[in-house]
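Next come two complexes, and both contain chain A; in the first it sits with chain B, in the second with chain C.
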Partner chain A sequence: MFEPVRDFWLNLGLIFGAIFISIFVLAALHASPPQFKRLLTIFVVFFAGLYFPVEFYIPRHNFLTPFRDSVSNLVQVLAAFTFGLGVVNLVLIHGKQVLRRTANLPFSLAFFAGFLLMTVVGFIQRYSPKLWVGDVGAGQIGFWDGMHKLLFEGMLLPLTSTVFSLLAFFIVSAAYRAFRIRTLEAGLLMTAAVIVMLANVPVGTWLTSWLPAEGWLKWFRLENAAIWLTTQINAPTQRAILFGLWVGALGAALRIWLSLERTFTAGSR
Partner chain B sequence: MKGHSQREADERGERELEQFANGLAKFQNIDRRIIYLCVSIAIALPFVVTIRLPVIPTLPTQKFYDAVEKVPKGKVVLIAADFDTGTEGENGPQVQAVLEHLMRRKIPFVIIGLAIQGPQLVQGYAERLAKKYGYRYGHDYVNLGYITGGQPALERFCRSIWQMIPRDAKGTPLSEIPLMRKVRSASDIGLVAEFTGAGLLGYYIQTFWGQFKVPLAQGCTGIIGPEQFPYLATGQLSGLMVGLKGAAEYEALLKLEKEGYRRMMPQSMGHITALLLILLGNLGMWLTYRRRQFRRL
Partner chain C sequence: MQHADWSTLYPWLVWILTALIGMGIAMAYAGKRLHIRRLPAIDAIEEAVGRATEMGRPMLFVPGLAGIDVPSFQAVAIAGHIAKLAARYRTRIIMPVTDTVIMTMAEQVLKESYAEGGAPEAFRPEDIRFLSGDQFAFASGVVGLMNRERVAANFFFGNFAAESLILAETGQALGAIQIAGTPSTLQIPFFIAACDFTVIGEEYYAVTAYLTREPILLGSVWGQDICRIAIAALIFTATVLQKILPTLVLKFLGLG
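And now, the complex of A and B:
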């Protein structure tokens, strides 16, 4: 519906204008009485939530359809704001740790070092890869590209993979303590778990690979037994859980949309 | 005299049995540091000793493979890299196996991601494989980068890729990218292959499948695998690759032994260690229970 503005200065003016208006609106909202803020929140949530279902349920190309792209853009802009909010939150939390010189100071310093390094290198690599280093020959990798690769693939990737892989140790320890066959139900659960766990690794499939791949005996091969368990026992159960979950989510969404859920409009009051 | 020595031998035997039972009973409460050590050794073992075991493809993975085989000529595959470095261990080999398949069949592909790091990771895999298969950026594959905005953004992407993302991840306008000249909307996409460790499949089902009938296939981490099977049963998913096992199975279908297969061996040892520890824990618990019952009598 709205065409992008091509003129650079007009674009710049619009951006700064939007920032100033936003600051003014935010300041006015901050100064307004709580009752007004609450009413405004209810109003905005109701109309924002109304658009998508009404546009979807009225047959295609109705009076709301031309605004679809603009609303989608708005959702993207709002989603992008959440990143900024996350950064502000992190800086505030770790900034306090640094200023107060608490026991967590080294971790907060590590955060600032990592955050600044990745941001600076990322921006230079994206927008000015020739900064201070000039051109590179064919087949060679530039300094900033190399730095970015080093930080992303050489540091971030192994660090996050290491943290994630710690789960393996905790899961084994927790499974060892929790999987005790005290009842019939626990025994059934344990049997299913053993079949699925073994079938998910080549050792399991190797254990029963001597059984025929065709005929009724094939169901005793661990990989087939595990598929049967996941598709015939697990899938219907999951479907039932998901159905209940989404009906519940719909109820919760309706409560939020109609502002019956008061925590976000009136806080704990 | 003979009877006396027989009694002594019996008592000694009973004492030894009691000591053995006492030792086994301790297995119900193994120190967690010993458990961590056992897991470490088990996972590290395949790096020292070569262990070769067969990988037999299962039906969900076979369906994924068939879905790629069925991609019509002239259409592209959308690689939705909805994962980050945390689940790269599982999703990485899955994507690499599918990219290898696409490149063998000379199918062009477009990379997007609802996770920030995903598209960059997949571009790295694509660049490495591109050298082997002669794929060129812009002609055979494109990275459109991270998409923010969730389901509404995907819905818009389906209607008009050019309006939704006017430039690729490097900042090049789509009008200057040869491949993108023939990729305008969801109707130009033959298959969406989503790789994730999170529950984002709903967005794709509501948009690509629900509104535009583009087939979907998913590679997911083992932990969310059970949640995805209902979608396979309903036909909303054309194929499913679960965890590292799925990647190894896909490689087996391609007659390859790469990352998926290599990473399966440490996982095999890890699973066996977990099962042995669970077995020992239960044995210890059972022996303690039996001894308690015996003492009461």
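And now, the complex of A and C:
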């Protein structure tokens, strides 16, 4: 909708102007009476919620369409403001732990070390990759690029994968509890699980490979039974739950849009 | 982004469903008494709060991974109701979040809920914690919190992914009473296996109506049930009649 501004100083002025105006507006909102805040919330939620359906349901390109990207970007602007609050939250919580020298001190120190290292290396690698190290030869990787790679691909990604891999062990312990046959439902669950699991390994399909591949007996072959279970039992059930969920989401969205869900507009109470 | 194609059923269906839910709200507003069936998982919330109070330990509420969307809004609304209960007993709720917008929203909602519950001084802003925007960094942070704080009750409401079982199994190992609800259908079995109570499917969006018994919210739940009956009837009718329906109607229904 808007052309990007090319002039550096004008750009800078606009950025700082927007930040100052936003801070002023936020401070004014913070200081305003609860009743006003409540009315403003209801008003903004209603009109923001009205924009997208009206724009979508009017067929083809309409008078609202040119503003669509700008309105969508407002969410990102809001998120950018709150991101700063997120960092402040982390620093405050861990700062307190460090100052009070609690039992969690090592974790908080690890947070500060990781946070500062990643931020500093990330900024230098992005904006000034030649800082203190000069040029690198063809085919070589620069110091800051290497550091970033080491921290991101060498540390963060393996740590993430490690946590993810714990899932395998948790699945086993959860499955052990879920598959104990104490009720009819648990028995059915166990039977279905065994069929689907066996059908996915070679020995499972081998067990019933002597059954004919055609005729009604083919449905007793484990691979076919598993397909039947997943497509005729599991899929319709999941779709039924999804139908219920999406209608529920529509109702919840309507309640939020009309400010009937008082949790979010309770400022005056 | 495309615009609505009014030659098909879908845009009409959304407005018809919206009108049905609106009708339910209007009926409740006009004073019609509506009934909502028992939800044992939600009845157990008070029991969980009571147990945490007896043990003198905090509770943990995880609003899932998503940012601003309807399930997250619903999760924060549920957290608000639990906070109101917790305020009565002066019990702490720790709420780790993965999205900073949800963090600011949750802070305001919980602060007001504690005030409404009669214990504004029991609210601790530092209990709303932004851990990380990364899925597994967040999961390991929550697991650490559970272990360090020795939580007595866990509430998992919101959009979850693969981390759901990591969180629920850790809580199970700690012996915490656990109540979960999620619109992520793939995670429901994990929660059923690892939690004491699980809210399934559309029950997730009925929690606030069930907890508050506010007529207008009950009206919207009633409207949603009518919508589900209407959709089921439509599917059944279209399936039975699809051989005899004219092509134009089949196209309108998206079957042609």
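Keep this in mind: the second predicted complex is superposed on the first by the 230 of 269 C-alpha atoms of A that agree within 3 Å, B and C clash if a C-alpha of one lies under 4 Å from a C-alpha of the other, contacts with A are read in each partner's own complex, and residues count from 1 in each chain.
Rule of thumb we're sticking to: a residue touches a chain if its C-beta (ideal position, glycine included) is under 8 Å from a C-beta of that chain, and two chains touch if they have at least 3 such contacts.
Everything numeric here is computed off the predicted structure, so don't read it as measured data.
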item: Partner chain(s) touched by A:T263 [first = chain B, second = chain C, both, neither]; value: second
item: Touching partner for A:I58 - first (chain B), second (chain C), both, neither; value: second
item: Which of chain B and chain C A:A79 touches, first, second, both or neither; value: both
item: Touching partner for A:A252 - first (chain B), second (chain C), both, neither; value: second
item: Chain B versus chain C as contact partner of A:T205, first or second or both or neither; value: first
item: Partner chain in contact with A:N89 - chain B first, chain C second, else both or neither; value: second
item: Which superposed partner A:N104 touches (first chain B, second chain C, both, neither); value: second
item: Touched partner set for A:S173, first chain B, second chain C, both or neither; value: both
item: Touching partner for A:V71 - first (chain B), second (chain C), both, neither; value: first
item: Common interface residues of chain A - those touching chain B in one complex and chain C in the other; value: 68, 75, 79, 156, 159-160, 163-164, 171, 173, 175, 177, 238, 242
item: Residue ranges of chain C touching chain A (in the complex, touch as defined); value: 1, 3-6, 11, 14-15, 17-18, 21-22, 25, 67-68, 70-71, 73-74, 76-77, 80-81, 100-101, 103-105, 109, 112-113, 116, 126, 128-131, 134-137, 139-140, 144, 148, 162, 165-166, 168-169, 172, 183, 185, 188-190, 192-194, 200-202, 204-206, 208, 214, 216-217, 220-221, 223-224, 227-228, 231
item: Contacting residues of chain A [partner chain B, same complex]; value: 52, 68-69, 71-72, 75-76, 79-80, 126, 152-153, 156-157, 159-161, 163-165, 168-169, 171-173, 175-177, 179-182, 190, 194, 197-198, 200-206, 209, 223, 227, 230-231, 234-236, 238-239, 242
item: Chain B residues within the chain A interface of the complex; value: 30, 32, 35-36, 39-40, 43, 53-56, 58-60, 84-89, 117, 120-121, 124, 148-150, 152-153, 155-156, 163-164, 171, 222, 225-227, 229-230, 232-233, 242-243, 245, 248, 264-265, 267-268, 270-275, 277-278, 281-282, 285
item: Footprint of chain C on chain A - complex, ascending; value: 55-62, 68, 75, 78-79, 82-83, 85-87, 89-90, 92-93, 96, 104, 107, 156, 159-160, 163-164, 166-167, 170-171, 173-175, 177-178, 238, 240-245, 247-256, 258, 260-264, 266-267, 269
